[in-house]
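In what comes next, subunit A is part of two complexes: it sits with subunit B in the first one and with subunit C in the second one.
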Partner chain A sequence: MMTLQQQNISDNNFESCIKCTICTVYCPVTAVNPDYPGPKQAGPDGERYRLKKPLFYDEALKYCLNCKRCEVACPNDVRIGDIIQSARIKYGRHRPSLRDSMLADTDTVGTMASAFAPIVNFTLGLKPVKLIMDAVLGIDDHRTFPKYSSLKFETWFRKNAAPSQDKFKRHVAYFHGCYVNYNYPQLGMDFVKVFNAVGIGVRLLDKEKCCGVAKIANRCVKDATRDAEINLRSIREAVGNGCDVMLTSSTCCFTIRDEYSHVLKLDNKDVRDHVSLATRELYRLVDEGKVKLVFRKDFHKRVAYHVPCHMEKLGWGIYSTTLMKMIPGLDLVRLDPHCCGIAGTYGFKKEYYNYSQAIGEPLFRQILSEKLDSVATDCETCKWQIEMSTGLPVENPISLIARALDVEATMKANGVE
Partner chain B sequence: MRFDTIIIGGGLSGLVSAIECARAGQKTAVVSAGQSALHFWSGSFELLGQAGGETVIDRPLDSLDTLPENHPYRRIGSERLRTLLSKVPGMLSDAGLKSAGSLDRNHLRLTPLGFLKPAWLTLGDYVAFEAGKPLPWKKVALVNIYSYLDFYPRFLAYGLEKRGVECKMAAVNIPDLDTLRKSTTEMRATNMSRFLTDSAVDRLAAEVNKVAKGMDAVIMPAVLGIYSDAPVECLRKGVDVPVWFVPTTPASVPGVRCQLSLRDLFIRLGGEFLPGDIVKGGEFEKNRLRRVYTVNLGDMPLEGDNFIISTGSFFGHGLIADIERIYEPVFGLDLNVKGGRTEWYRKDFYAPQPYMEYGVTTDKEFRPSRKGETIENLYATGALLAGFNALKEGSGAGITLATALHVASRITG
Partner chain C sequence: MKDAALKQEYDVIVIGGGATGAGTARDCAMRGLKTILIERLDFTAGATGRNHGLLHSGARYAHTDPESASECIKENMILKRIARHCIEETGGLFVSLPEDGLDYHAAFIQDCLKAGIPAEELDPKEAVRVEPSVNPEIIGAVKVPDGSVDPFRLTTANVMAARMNGADIMTYQEVTGFIKDGTRIVGVKLRSHRDGSETEVRGRVTINAAGIWGHRLAELAGVRLNMYPAKGSLLIFGHRINRMVLNRCRKPGDADILVPGDTICVIGTTSTRIPYDQIDNMEVNPEEVDLLLREGVKLSPAMAWTRILRAYAGVRPLVASDDDPTGRSISRGIVCIDHEKRDGVEGFITITGGKLMTYRLMAEEATDMACRKLGVDRKCQTASVPLPGSEDTDDDRKRKSHIIELSTEQKAAGDRHGSLTSKIVSDDDAADALVCECEQVSVGEVNYAIEELHVHNLVNLRRRTRLGMGTCQGELCACRGAGLLERHDKCTQRSLDDLASFLDERWHGMYPVCWGETLVEIQFTSWLYEGVCGLDPSEVKVTENPTQH
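Here is the complex of A and B:
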């Protein structure tokens, strides 16, 4: 029997807030933008008023990055970020602008851009084009756009990898995400290389749509829900076939596992624990002695690891760092936990660009103070931000492992022919 | 994932034992369910402020026999307490925190409400007086930040004037804080400290100088130096008279500083700090804890040779009280709770409250039990322990630190 108290607990624990203000200490936005009311006021405090009358909704909630650092800091397990995102969706008065819809619709834009990748990349790099996008759309002209790839990952996979996957006894399904598909197929290739080398086959999902994080952030909720339902159907099918679903993006992973149920209110309980990060699964296999990784002796690099905010929320940074520490030639530098400021599409917007850079500044400073060959992180937008702001190359830990791996020796050690 | 020692709780007690274990070369992990009670810290650690109804000043370690027999201090013993606690200033200094104080004689700290309370260690920049002597100042300026509401100069003036110090009250402003004032709810100590850096501090110092002329000292709310000493040093250099700080309403700047500094020291020593994760429970074999499961790590448990639970008292959720019962939520450890709800408290709010002494009962090595069976490789430290009233005794920090150091030294042998 549920007690009276239990029956009156909301989805996001907002009643548990004791107004301690600890969340405000860890909010990256509060530190640079006083127009933002801060997570306590924007979240549980404001929610009390909004529940009374929606007119208490404050448009300044748009400044929230949805980084969830408030939730990681909260001693009372209040889902402050979820309260804020849900309020933006429920009470936000302005419809998403053309710019917001474009930034959010990664699949459509990505498909088009991939088809004309060389032209798009060239054009997006031109100063006059950037100035026009800045003036007309409100996409900041300082922002460097990620390059589009003319070869989509899915196309590469079907042609080059899919035929050889049947020979493996065990398989995982790979949710590659928009970034791997349209911008950086190399990461997907690295994932296939590493998993194949340890004797695990890779399949793609029947249908994969954008995870929806950009649509949620831009309040295109209907579209996000439609995509999420397609993804959940495909994930269920893969799990039903005995394939757990692996990702190389911490944000896509977090979105599917937690935002689907907390923000989009979709039931994903049955598959949530089958959706995981590639680094976590690889660590598990190594730790349980089921696979072996053999690394090259000529790999030498000094790399700093940046924990993306959503990775901090997932609590899985430890798997990426522990795996990287297994590489003998890798000198790992731990960076202070700090938001890089881009928060997906947030840092592309003209009105947020300066906040975005100010938020990331201490991180950039720390990166530049170390003598590094590169930075590692599990999030693609952190990668764009750190590359643009420090000039250093940024790689996913899976790519680093792929580069450091002695593939032949690893295959041999795992009995792969 | 395997560790030598796994610590549940990332507050003062958990971090201190974690630092000791990591320093001894152990592979150590801390699981921290949100930020800790350190965020409410005054900037001073108390050892023992009250015994037998009297304020303790001299030789607090000699007053232990007035405490109940089962009190954590008495179980550790005064000689060992001295050895353990004498490590603390060094550890704080390794973490980048300056402190002052002595185990032989309490000093008096100035509370935000203008009272003087006995303390053992106080952070270098906070107001502390030598006990039994007149206060060292004749005239001080109590300088608030304009429109900051969590600092009460009148209370401080009341306390200081009673002791013969003439007080002048003033509020200063610098344009750097105008933007922060836009959200009236956000004018907090910790928020201000994020804006009061670099040249903003020079501007603040110039304003403070205008009201500090002819004063023996300036007393300000603790609104600087959340991430490092640099802004405080800069202000002290820029102001013509000595500047001292008094803690504010939480979240506390010295508290956040202490939390982050100790966490960073632990990570520098090779420790793994898992923030925002909750231990759901563990698996026992015979009377040993083998592994614990957390919310974030799911089906991949943390295995360890030894475990320390430092989850705090009611406030830290180390103990949970519902309508019918009080329990320890992680493992269901045995507690010293007696009777039903009406026995937990006294109606006189200021009377010593029985619930304040509730906590986990342990053997002499601070190992708790479940259903009467001691768990051989699990240790409990800090506010979670039974048998003391930290508020009445003025002993919370001392017990937290002493039990953490005691247990860590047992584990690291």
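Here is the complex of A and C:
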């Protein structure tokens, strides 16, 4: 008799919520925006009502950053952020606006902007242009746009790095992401430099599209799914060829590993464990004694590390900080866990700009209170936000390592010729 | 109740605060009779609050009891007009599983049509499309105009209508005896369940609408009423699995109806005859839980992996329509007894049998009889005048046209109070703050209920608003609700006892299904209240019999 009862355990993730409300305590939006009902009510509580009548969908769910801090806080493993994102996609009444589509479509915009990078960068920095974008598109005029690069990373890689990769015995595939490709190829170059120095060759995926995080956030789900399917196909091919896929962006990495299956409902089980962050892989290799890092003696810097929200969700902040602590001349400052507030395209939108800055405020204050040379973080949008809001330079831990690395000595230590 | 009110003589005393009693009080008051409604505990504390909440189309009775079936479909249409805010027109399906065969199904549609129930055969594939939660193995499906009705709202609306038409209302007053003048009943003796005080109320006609408890009441009046209590157990699931009411297309049996109601859905029932002395002692046992689950998953497989919030049981009063002591002539139809004719006791009427669906018709029959006795000739209007909350007002039209802009708690309150939602203060942050998060009950709504809806304790509040009926079963809202009640009651000790009693009552319903998430939830609740707040369960003064909720 008890068997039926023992088997009746809810399969509905939202029903695992025991209403402890700790998620709402940890939500960065709830703290600054009283119009947001908070993750508990927007997520598991709201889900019951939406199942009753779709009319109960609350437009205030748009305030969710999708930072997933609620999920990190949850003691019962409720995927609160996923529930909210899925509800926005399923029940949201307004179609994505022109602005939202533009912000979401990083590939198209990036390709066009790269082609005319100097003009675009100059124009986007002009106050009148910012005011027009503010008024017409609703992109806040306080926001600084990331600079576009005239040289795409892919182009650089094919010309300068690809020919020399065949000499390595082992390879990883690099998912560079839109930011490295269109805005900041230097990070990609640093990645190739570090991995090559320890004797690992780098390949690009056959076809790489935007990971889709911005499209998911802006509810352009069809496009996100199409891109995700292309990415998964390329990732499968690389994994099949013995190459694990490395990323330098925590958000792209998190999106491919978790959002593809949880939000886009794509099956990525077979490749999920082969998709990792560069710092995590490097840490693993060093920790297992498979590679050695030799650092320059003349490198001295005081750097604070900011754990991006999605990094927090992955639980991988420890890999980046442990790696950075291996650099002898680096004085590492740990920051309190705080969302920076930008959440990808969220902070660009006029209606969220003030919330975005209010959310990040405690983080900016802490950064400014330390005497720092720079800030390190694994997420590019956190970088934009912290640079804009504190004036300090922000770089990826991989870039820091690349600059602190004694390349010759490292190559020698790893038997690379 | 003010003493001055009690000194006067009423035309009609209605005993029983279920749907039938409240409906009778409304009908009497609308016909201009000076009426008082007396309830032993709280409205809907008996069978009214302990059933499926199914707005029958009558299809279920079409084969076995055509008379009940046609009563049901008529009342179904009437309630859709007069009680819009208590009802959801979900539609219903009667589905045949391979093990049921299609014999019943074939006769079923004909029986429905004969009783005036619009029944439409659906291709099983189409049925799965319109109701994805149904067992995909069904071999037949019939669509009928079933729906769901909230018995708490329905009863409250009837009480309010009675009050608006001049009736007096008393709760927590138990009838301890009748005042007689020879063979005529001229009043009732009452004892308060709140402070033990005793009073008397005089009336020219007394109507016994006490459901199964009417048996005992009749004994007090010196007449014999043969009632046979049948216990039915039900399970509440954490959210809506189904959009439409799901019924098994077969002779009525165990666990063959799944009804979506507000945020949840309910599977039921079992049916067991119980001894009369057990009617105040409704425990759901493991065999019943098992039976409900085992049969339920055949209707909708998702039940097997959906969280169960609680279990409850109600008593259906089966009545022998005459005084045959063997109980052979049991009817499920309406029984309205003139005890003057049958037993020589004047001024006493019993209205019983029937079902929630036919409460209005039962009230009409009882009121007609009372009017005849009082020599009053007024037509019944209850079928055409909307209940309070279901009126078509300008405010309500305005609310509905802006519904998308409303907050979740305002939308939820709109479903609960209909056009009366405008009475809920919602224009400041303090009033908008949530008391019950699972069911989205605001401070404004709680204050409205306390002021307007005869609320004395948390259980009353739960029945008027759904506070504490959601996933956490009072974990977060019980203390907030107790705090708001204390502001009105101004007695901290009573509020603490009430809080403990309410939590005890919630636990009582969770106990039979206490595994998985429900177990974790109640552990967390007990940790909060006992561990953090220091509530001592050994000192709980249970203010109401928990099985009575």
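One rule holds in what follows: the second predicted complex is superposed on the first by the 405 of 417 C-alpha atoms of A that agree within 3 Å, B and C clash if a C-alpha of one lies under 4 Å from a C-alpha of the other, contacts with A are read in each partner's own complex, and residues count from 1 in each chain.
Operating definition for what follows: contacts are C-beta pairs under 8 Å (C-beta built on N, C-alpha and C of every residue); 3 or more make two chains touch, one makes a residue touch a chain.
Because the structure is predicted, anything quoted here is derived from the model rather than measured.
Touch criterion met: A:315 reaches subunit B, while subunit C stays clear of it.
With both structures placed on the common chain, the touch criterion links A:37 to subunit B and to subunit C. Contact with subunit B, but none with subunit C, is seen for A:287 once the two complexes are overlaid on the shared chain. Of the two partner chains, subunit C is the only one touched by A:47; subunit B is not.
Residue contacts after overlaying the shared chain place A:56 against subunit C, while subunit B stays out of touching range.
In the superposition on chain A, A:71 makes contact with subunit B only, while subunit C stays out of contact range. By the touch criterion stated above, A:11 is placed in contact with subunit C alone, subunit B being left untouched.
In the superposition on chain A, contact of A:22 is made with subunit B only, not with subunit C. With both structures placed on the common chain, the touch criterion links A:334 to subunit B but leaves subunit C unconnected.
When the two complexes are laid over each other on chain A, subunit A has residues 5, 20-21, 34, 37, 40-41, 45, 76 in contact with both subunit B and subunit C. Those residues of subunit A lying in contact with subunit C across their complex are 1-2, 4-12, 15-21, 34, 37, 40-41, 44-49, 51-52, 55-56, 58-59, 76, 93. Taken together, the subunit C residues at the contact with subunit A in this complex read 238-240, 260, 262-263, 286-287, 289-290, 293-294, 303-308, 403-404, 407-408, 411-412, 429, 434, 437-438, 440, 470-472, 475-476, 513, 515-517, 520-521, 524.
Only residues 1, 33-36, 39-40, 179-183, 185-186, 188, 190-191, 194, 226, 250-251, 256, 264, 267, 272, 274-278, 294-300, 316-317, 322-323 of subunit B touch subunit A when the two sit together in their complex. On the side of subunit A, the complex with subunit B involves touching residues 3, 5, 20-22, 24-26, 30-31, 34-38, 40-41, 45, 71-77, 273, 280, 284, 287, 312-316, 318, 322, 334, 336-337.
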